[in-house]
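Below, subunit A partners subunit B and then partners subunit C, in two separate complexes.
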Partner chain A sequence: MSKVRVATTSLAGCFGCHMSFLDMDERIVGLLEHVEFSRSPINDIKHCEPCDIGLVEGALCNADNVHVLREFRENCKILIAVGACAINGGVPAMRNHFSLQECLEEAFLDEIGVDNPHIPNDVEIPLLLSKVHPLHEVVKVDYYLPGCPPPADAFVKILTDLLEGREPALPKNMLHYD
Partner chain B sequence: MHVHHGQESQPGFLTQPQLNDHLLHRLHDLQTRFRHIPQPSIAELAEELQLPITQVEAVIDFYAFFHRQPRGQTDILFSNCTSCGDLALMQQLCDRLQVEPEQTRADGRISIGQASCIGMCDHGPSALVNGIPLTSITAELIEQMAALIESDTPVASWPENWFRVGNHIRKEGLLLSESFEPGSALKSMRGRNRDQLLEAITASGLKGRGGAGFSTGMKWQFCRDAESTTRYVVCNADEGEPGTFKDRILLNSHADEVFEGMTICGHIIGATQGYLYLRGEYRYLLDALNTTLQRRRDAGLLGANILGEGIDFDIAIVVGAGAYICGEESALIESMEQKPGIPRIRPPFPVTCGFRNQPTVVNNVETLAAAANIILRGHEWFETRGTWQSRGSKLLSVSGDCARPGIYEVAFGVTIEDILHDCGATDVQAVQVGGPSGSLVGPDKFSHCIAFEDIATGGSFMIFNHTRDLLDIIGKFTRFFAHESCGFCTPCRVGTTLLNNGMQKICSGHGTAHDVDELARTAALVSRRSHCGLGITAANPIRDGLKHFPQLFEARLLHQEMEPEFNLDASLAEARKLTRRDDAEAHL
Partner chain C sequence: MSSINIDGTDVPFEPGQTIMDAALAAGVYIPHLCHKPGISPHGSCKLCTVDVNGRAVSACTMAAAEGQKIENNTPALNEVRKSITQMLFIEGNHLCPSCEKTGDCTLQAVGYHLGMLDGHYPQFYPRREVDASHPSLVLDRDRCIMCELCVRASREVDGKDVFAIGGRGTGRHLIVNSATGKLADSDITTDDLAAHICPVGAILIKDHGYEVPIGRRTFDLHSVAETDLGEVKLTKTRHHDE
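Then we have the complex of A and B:
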């Protein structure tokens, strides 16, 4: 039987969810008997091939995030929003209390010690969305794995459920939002 | 007397209770005088009333009629109700006066905003002008208003007939057709003891007219039997359900019956103090109500030793400040206690632990008027109308698309069809019975009855014909709840906003089948998990709409898997402007 293909990525996030994923320690060895990774920061594969499961950490803060998320949605049969930022916008969304202009001026013009003050406009730099958004506002999300970060056990549980053909369900002790 | 100064001694009696020092009233005075609540006055007021500053601030921020920033000399709040609102007129006035909604014009002369239903649904488009209802607004009237505002004419000098509020009683039934001599119900109590009086109420089968339909006799008995030396009677005149205006008519023309009902209740349960909690939108009735109270005191119908029978009872009026949630009885009690109107956790119920944690009866205006008449005329009189489970009559506030909007007093058991016929409604698409928190009923259910055992209602009856966009109306109702949620519990605070976002997306033609599924799921969650009745009923318009009018939703949907919640390319516009970029990568 061919292995289940999993892709992961971090958008506007801190990679904390990925760290928590790796916190499953030696259990990853068992997991790898059934799973192979496509695009992921773990293996540095740059683009997503057709996959069974996509795990997306982080919120949407710029145009590149939207492109990556769309690539995941197009290629992954099951898309899982992982962590507070992906589900609610999280810490990156704290900038939503300010206008984009205020944010950029504070960072690149007005901040003490700014050298050569100007707002970066290189075409290589993805443009920022006016507000930070959670994933489900742009693509259909199949499952949500809450937590900041979600505990390693929760990753194991949701993946095991899917591998064994069950509807994923987290027990209460793994279902937390902090 | 001071509501906040702890327990008053009982029953060494107080007459003419004045609530001038009630926080809501003091804030109203400040708002009227300065057009806002000036920051320095907050600490002063807190000090004077011996309240925490945080409590005063919380109250200012909670109630819609108090503002931190100055409103205009003329402050106009257009109702956004589907029956007494027309926001196109608001926009017309804004354009004419060159002022943005909710912003005070630079010269301080005018501010224009929105209010939830102001209870003028039988008068067409209406607004509160410095708190006074101005009814039957037309495009022509807007032009005249604009001229008066520009010429700095004080509202007191505006044409009086603009502010005329009629009663529009279209059909009198059991209650309204009887003439009522002030004091007659109190006099009829002679020779009957409290048990017998309570028995008369219980035997009548009277149920609460606010919509929930709890047995009035049982409520009074629970309160009377609760352990305490102090009890209160509260009349809930916070008639905020959009489409309801029956209490306005009762308080305008039948106030004696209401006050007498309160006095009788006080006598039966052993309370000496009653309060009428009047919604802020009905403040224009306050002077007349106080005059009626004084007349009753002068006639020995209120105060110490009423009618020489040794009954002590008096009534004071608390005026709200624009918060729908205060119609919920425990939120109303919080508001009376000079706090934000956040519903309490129940149990304990007000009958055992209400105002100042004392046993309290909270009854609807109509319930108390009916109670006075039951004592006067006997429960047999009451039972001549209605069904066995829903005895007596009900005042319906009929509004919307019909020839004769107004008050219809009907016997319980009347069908929706009959009411539509009476008020001259044709081509009816749907009726919202009981307001947004009630039920949305389509033609297939028009043979159903108004009764607690069939379709219960607090009295709102809004008619929509086929020219109306029903989906848009459901959207408006959903926005109403999102606006009025007190914010205390997450399912309601977040849920009503999610429901609103979902409805606006679908209404504007950006929704997909996926959005409808999400909407239904969220609706179920909000209904099941919310703390009080507001959240529990907030999704009713959506749920009824999905159940009875699914084709309306379907017709508006995009046939694709998913549509983003916002316009992605437009979301990059600000960044494009700031970076002066317009290359291919600068678009989505």
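Then we have the complex of A and C:
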């Protein structure tokens, strides 16, 4: 039987959701008997290939995030928003309380100890969006896995359910927003 | 004794009690955020909407009356309640991972109770003023759900009338009744009920965040209803406004 293909990525994330995913510890060995990874920070694949499941952590904070998210949506049959950032913007969305200009000036011009103060403007650098947004404001999201980060058991549960052809469900003790 | 019937169970009531009063006294959970026993009912959160003889009413303001057949814990009502909770979440900046009230927040616990996974609607990301002027209290308006519990507690229990809701429509926000509009210039103290009654993280006592270990917080130990579902379906049901 061919393996289920899973892609993962971090947009405006902290990689904490990926670390929580890896917190499934030795259970990942059993998982790898059924799953192979497409693009993911844990391998070297540069682009998302056609996949069964896409796990996306992090909110959308810049143009590259939007580009990557659209690539995932086009290639993944099931797209899962993982973690608080992907679901409602999370802690990075606290910058929405300020204008983008204020944030850039604080970080690159006014902050104590800034050397050669200027706002980076190289074309290689993706432009920041004026606000941080959750995934569902740009693409259709199939499932939400809340938590900051979601517990490792929740990753195991949702993937096991999907692999075994069940609708994914979480026990109440795995549901938290913090 | 007179009784009403909630989801097939007879619940006794005294004359003058609301449906909510009778249900709370009998240990029947009707979801609610803006209601607290001992303070006059408000009817703003709409979570306690129940069907009485086929008609939707707020349990916190509807008087209990003989012969009422009430539907409360039904999938349809809980789905509407989840939508209301989602609206409350997207209207404010409810970033639980960085909130001192996480684990002790009734709004969050209601979200858990109803199996809320996401905000569904586009985020408002309001930019409302934080008032940290008071030496021992802080007011984060981005988390305020405008339940007016603080308004009523200050007026009815503390006898001070410190808070009010100002503005209209989505511009509504909590205001402080002092000459400058600042909390520091009001006569609120940490002894007041209004300083402690906030069900979310809008009114906080300074220097007292993150004191309870995760696992020992209010809603780590108790469900908001104490009558919990076994698990939450992650299946994305079609939303009633789609």
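Some points to look at:
Rule of thumb we're sticking to: the second predicted complex is superposed on the first by the 178 of 178 C-alpha atoms of A that agree within 3 Å, B and C clash if a C-alpha of one lies under 4 Å from a C-alpha of the other, contacts with A are read in each partner's own complex, and residues count from 1 in each chain.
As a working rule, contacts are C-beta pairs under 8 Å (C-beta built on N, C-alpha and C of every residue); 3 or more make two chains touch, one makes a residue touch a chain.
Everything numeric in this text was worked out from a predicted model, so none of it was measured.
Applying the stated clash criterion after superposition on subunit A shows that subunit B and subunit C collide. Of the two partner chains placed around the shared chain by superposition, subunit B is the only one that A:Ala63 touches, whereas subunit C remains out of contact.
Of the two partner chains placed by the overlay, only subunit B lies in contact with A:Gln101; subunit C stays clear of it. In the superposed model, A:Lys131 lies in contact with both subunit B and subunit C.
Within the superposed three-chain model, A:Pro120 lies in touch with subunit B and out of touch with subunit C [touch as defined at top].
Comparing subunit B with subunit C, more residues of subunit A are touched by C. In the overlay built on the shared chain, the residue A:Val139 is in contact with subunit B alone; subunit C does not reach it. In the superposition on chain A, A:Phe72 contacts neither subunit B nor subunit C. Judged by the touch definition given at the top, the superposed model places A:Ala81 against subunit C, while subunit B stays out of reach. In the superposition on chain A, the residues of subunit A touched by subunit B in one structure and by subunit C in the other are 131, 133, 137. The residues of subunit C lying in touch with subunit A in their complex are 89-90, 93-99, 102-103, 108, 111-112, 115, 117-120, 122-123, 125, 127, 142, 223, 228-236. Touching subunit C in their complex are the following residues of subunit A: 81, 84, 87-91, 93-94, 96-97, 131, 133-134, 136-137, 141-146, 148, 158, 161, 167-172, 175-178.
Contacts from subunit A toward subunit B in the complex involve residues 63, 66, 99-101, 104, 119-121, 123, 126-131, 133, 137-140.
The part of subunit B that touches subunit A in the complex is made up of residues 514, 561-562, 564-566, 568, 571-576, 578-581, 583, 585-586, 588.
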